[in-house]
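One chain, chain A, appears in both complexes that follow, with chain B as partner in the first and chain C in the second.
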Partner chain A sequence: MKIAVCYKLVPDEQDIVINGDHTISFDKAEWKIGQYDLVAVEAAMRLAEVAGGTVSALSAGGKQLENSKLKKNILSRGPVDAYMIIDETMSDADSYQTAYVLAKAIEKIKDVDLVVCGEGSSDMYAQQVGSQIGELLQWPSVNAIGTITLADGKLIAERMLETEVEVLEIPIPAVISVTSDIFQARIANLKDILEAGKKPVVRWDLDDIGGVPEMSTNVLSVLAPPQADRRRVIIGGDSGDQINEFYEHLRKEL
Partner chain B sequence: MIIQKTEEQELLLENLQELMSRVCTEDYIRTCEKNHEQPHKLIEALVENGFYMLGLPEEYGGTPLDHLTYFMCVEEVHKIMPPFGWPRALSLNEMLRLGTEEQRKIVADLVKQGNMAFSFAITEPQAGSDDNAITTTATRKNGKVYINGQKTFITGANISPYMLVATKDPNSPDPRKSVSFWFVPADAPGVTIQTLPKIGWLMLPTCEVFLDNVEIEEKDIVGVEGEGFLQLMKCFEMERLTNCAVALGSAQAAFEDAARYANQRVQFGVPIGSFQLIQEKLTYMAIKIENMRNAFYKCAWEKDQGISIQLSSALAKLYCVQSGFEVADDAMQIMGGIGYTEDCRISRIWRDVRVLRMTDGTDQVMIHIAGRALLKKYR
Partner chain C sequence: MSRVKDVWVFTEKQESIAELCAGARQLGERVTVLAVGSRDRIERIIAFGADRVFYLGDTGADRTVEDYAFTLSKLIEEEAPDLFLFGATKRCRHMAGRLAARQRTSVLSDIMEFLTDKDEIQGTQMVYGGAAVRTLASKSATVFSVVGSGVFTSLPEDADREGDVRAVDFVEPAYRVRCMEKRERGGTSVDLTAAKRVIAVGRGIAKEEDLKMIEELARLIGAEIGCTRPISEGVNWMGRERYIGVSGVMFKPELYIAIGISGQIQHMVGCNQSGVIFAINTDTAAKIFSQSDYGIVGDLYTVVPVLLEKIRAAR
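== the complex of A and B ==
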């Protein structure tokens, strides 16, 4: 089984600066692999380890993808190789552009049986890319996958819905998006890290995969909510009156 | 010497950090300390993720790496954890170098499963810094070897299946060639182990060991008879760096806690960090930490370059453990009363770092080693 697992580089939330006009600056931010994507890598690796096969990492983005430490980081989690579509246009790509480019890359990689995505990206968390890749490839696409096994060439997956769990049989090729708690991302050890530096990385630009469509969305602005000062109201005790007082304070704010 | 960490070192330390943060919550640490037990969950995670065997040869299931990276890992672990019996690679490497194939296999198999394998039984009631004064003997009778004596301050003796027992031949013409090491099962008849209650290092027991006619075989000798200390000299130098790493990791943690607290704690209507007396403390703490890191990393780097660290390891150990304690002490002063409570990890760090000034050579022994070496250089 050939599995492609998608990941996105996101700014480290600790380094995000909110400017005086509520705009958000990533200028000083270190880049890291999205936390949900590391879980997706783990899910892909576990499936490949049990069912046999290989896992390739796949990403599209700007020049941050060239960062060799980040390349080693993703490859130290188990994938045998990585494919990257690097173009500055992709730095601000919307979910449709991202899904389009990734779908084209999956076709170009050839013989991919399964695409695994995370629950959402760690920055925008639109939860769109996985579903859109499936649509573009005309493959079954299912999100919220909480468990997964392979039987008779089909995926047996549990889909975690709000009040119920669906057990699905999904023919492959398919695209799945896994929940954030399907597994805990693995810890890479020294051997994994040293080997990661030797694994192949295939770099494509947009021309290699036939370009990218226009944005389907128009972002007017991204603003942080204004910060409110703490009210510094302290209510001691647990009597009914005190709880009511506490509730009244909350109600007024909402 | 290049101080900037490589990408591989950064990734290794980030992964180790992640592992530590998953397992070692303050609650978990407190529980292990309260129960005086080793952090088995952490040890299991270190084994499972390939960290426990770092620095050991591949043929024994380990992952060899350079000294600098190895000690960076030790530092990283001790930013969160008090000493708990890891790392052991340095002493283990010597054991694997000196031991017979059978001894090597026993040790490697035990360590692979996260065990301490063996304790170092050297110190005796009358032989601490003066380790040449040991009186434990190995006597031969009817083809067997009998060990008699008393050992004290033996770290982990009651949780290690074996002991590396130092004995002395009182009749040896050359006192430098009178000490031998023996691989003794900790459960052999005649071995009695008692724990010594102490104020810190609560996850790692310290024991008294009584050896009463303990029968072992000739094959249980480790290395060459009579050359015990000469064989293990290198190991002692490296243990000094382990102390540096523990002191540095602990000091860094104490400093960070104190600096955060100084920003948050409001007295006289302002955060205490705005007072210059607090700023002075934090500034000197930061300088000490920087100097500790420089001295210790340089020493580890020298080891990797094949440069002798006989002098530099003594200097680094002396400076790091003294400064580590001073940083912890100042951190406690900044935290005030809350820093002295068990709710606050500064109190744990403070008591755990203190003993580093005595383990693996006291401050005074480090001065003794360094002083003589310095004078020799200018003779």
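== the complex of A and C ==
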């Protein structure tokens, strides 16, 4: 089985700087792999290990994708290779544009049996791209997948909805989006990281995959919400007296 | 605020039908609900505020809600509604995404507020884990949106309302996923948003049984218990309805006590409107402290037992 797992690079939200006019800036932000996409990579690896097959990592984004640490990071988690569609328009792409480009890339990779997406990207968390890729490829797709196995060439999966669990039979090729707790993402060791540096990375630009449609949305503003002012009375230790001081503050609120 | 003409609603749960119908009436002139399930529900859907119901039929052993994607897609092509609202469930999100992709557009997801300006529909949503609020507009003929829960307030049910009902023919799906079995998912239902006092725990709690001491503290001060996402989704120590943050519950209790919580933005946006915030954390540098009114740099296993003693003694 050939599995493609989709991951997105996102700015670390802890490094976002709020400007005086409430606009935000990423200039100082470190980039990282989306938290839930690491979980998706793990799910793809586990399935490939049990059912047999290989995993390729796939991402569309801006120049951050070229960062060698981030390339090693994704490949150290098990994928045999990585495909990257790099263009600045992809760093602000909406779900449809992203799904469109990823679907084209999946067709170009050829013979993909299964696409695995995370529950949501760490920046937009729209939980949309997986569902849209499925429709663009005209493959069955499903979200909220919490367990997967392969039996007789079909996926058997449990879908974790709010109040019920569905047991599904999914014909392949298919697109699934997994839950954030399907597995714990693995921690790569030094050997994995060294080997990751030797794995092939295929780099495409938009022309290679036939361009990208126009944005389907207009972003009018992105602003930091107003913050409540806090007193910030911090007691620096937990001796008896200090806990008592903390308790006295609490008592007044009870 | 100007309104659009045709607003469609698709959702699973009875309560959210009422909320979305109320929202649709606010935003548009004519409200159409696309209903799957038992036919008996139709009258209530009209009473909740629908002008029209497109009745799709009932699911059964060989038909899932997902199988109606092709039926819905055909209706969208034929009728081109201006706005299509979906409930904030996993199933609805998936349906919205699929239908929008077929119309070559994106979904405005988890919209907290709608604005209509010169016939353009705009919505606001949280992005970057809650670090920013984004306002966006859709350029497509039909605007697709997943509506955040609790954004609209249901109108009182009006049994005298009249509406049109149209039965819609099923379109055989070109590809599908088969549902072999369904099970109820256990879990309690607690409405944290109604609580005045909340104690929330994070990964600073080492073992599930240590929650007992937190429950005792909650009982003594009349608080509800909540948690961070990893406590609910990572280790499953608490139900999903108890985790607080951008993807969980967002609320403003009068008192919030954060125990063993680092204070990541995704969590804090759920509680940073609270009246007063207390925090207990061993790490001086924890982000929670700059977002609290009172904090103690201490081990929860030292601090909480002493608090329990003092509160008991004071009673």
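We adopt the following convention: the second predicted complex is superposed on the first by the 230 of 254 C-alpha atoms of A that agree within 3 Å, B and C clash if a C-alpha of one lies under 4 Å from a C-alpha of the other, contacts with A are read in each partner's own complex, and residues count from 1 in each chain.
Definition applied: a residue touches a chain if its C-beta (ideal position, glycine included) is under 8 Å from a C-beta of that chain, and two chains touch if they have at least 3 such contacts.
The structure presented is a predicted model; accordingly, all values stated were derived computationally and were not measured.
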*Quick one: classify A:168 as touching chain B (first), chain C (second), both or neither.*
second
*Now for A:126: first (chain B), second (chain C), both, or neither, which partner does it touch?*
second
*Now for A:151: first (chain B), second (chain C), both, or neither, which partner does it touch?*
neither
_Applying the document's definition of touching, compare chain B and chain C: which contacts more of chain A?_
C
*Kindly classify A:73 by the partners it touches after superposition: chain B alone (first), chain C alone (second), both, or neither?*
first
*Given the touch rule stated above, what does A:188 touch, chain B (first), chain C (second), both, or neither?*
first
*Touching chain B in one complex and chain C in the other: list those residues of chain A.*
184
_In the complex, chain B residues that touch chain A_ = 7-8, 10-12, 15-16, 18-19, 22, 45, 49-51, 54, 63, 65
_Touching residues on chain A, where the partner in the complex is chain C_ = 11, 13-14, 16, 24, 94-97, 99, 120, 122-132, 134-136, 138-144, 156, 159-171, 174, 179-181, 184, 213-225, 227-228, 230-238, 240, 242-244, 246-247, 249-251, 253-254
*In the complex of these two chains, what residues of chain C are touching chain A?*
64, 66, 89-91, 93-94, 96-98, 100-102, 104-110, 122, 127-140, 174-185, 187, 221, 229, 233-234, 236, 240, 246-247, 254-255, 257, 264-266, 269, 272-273, 276-278, 280, 284, 287, 289-299, 302-303, 306-307, 310-311, 314
_Residue numbers of chain A touching chain B in their complex, please._
68-69, 72-73, 76, 184, 186-194, 197
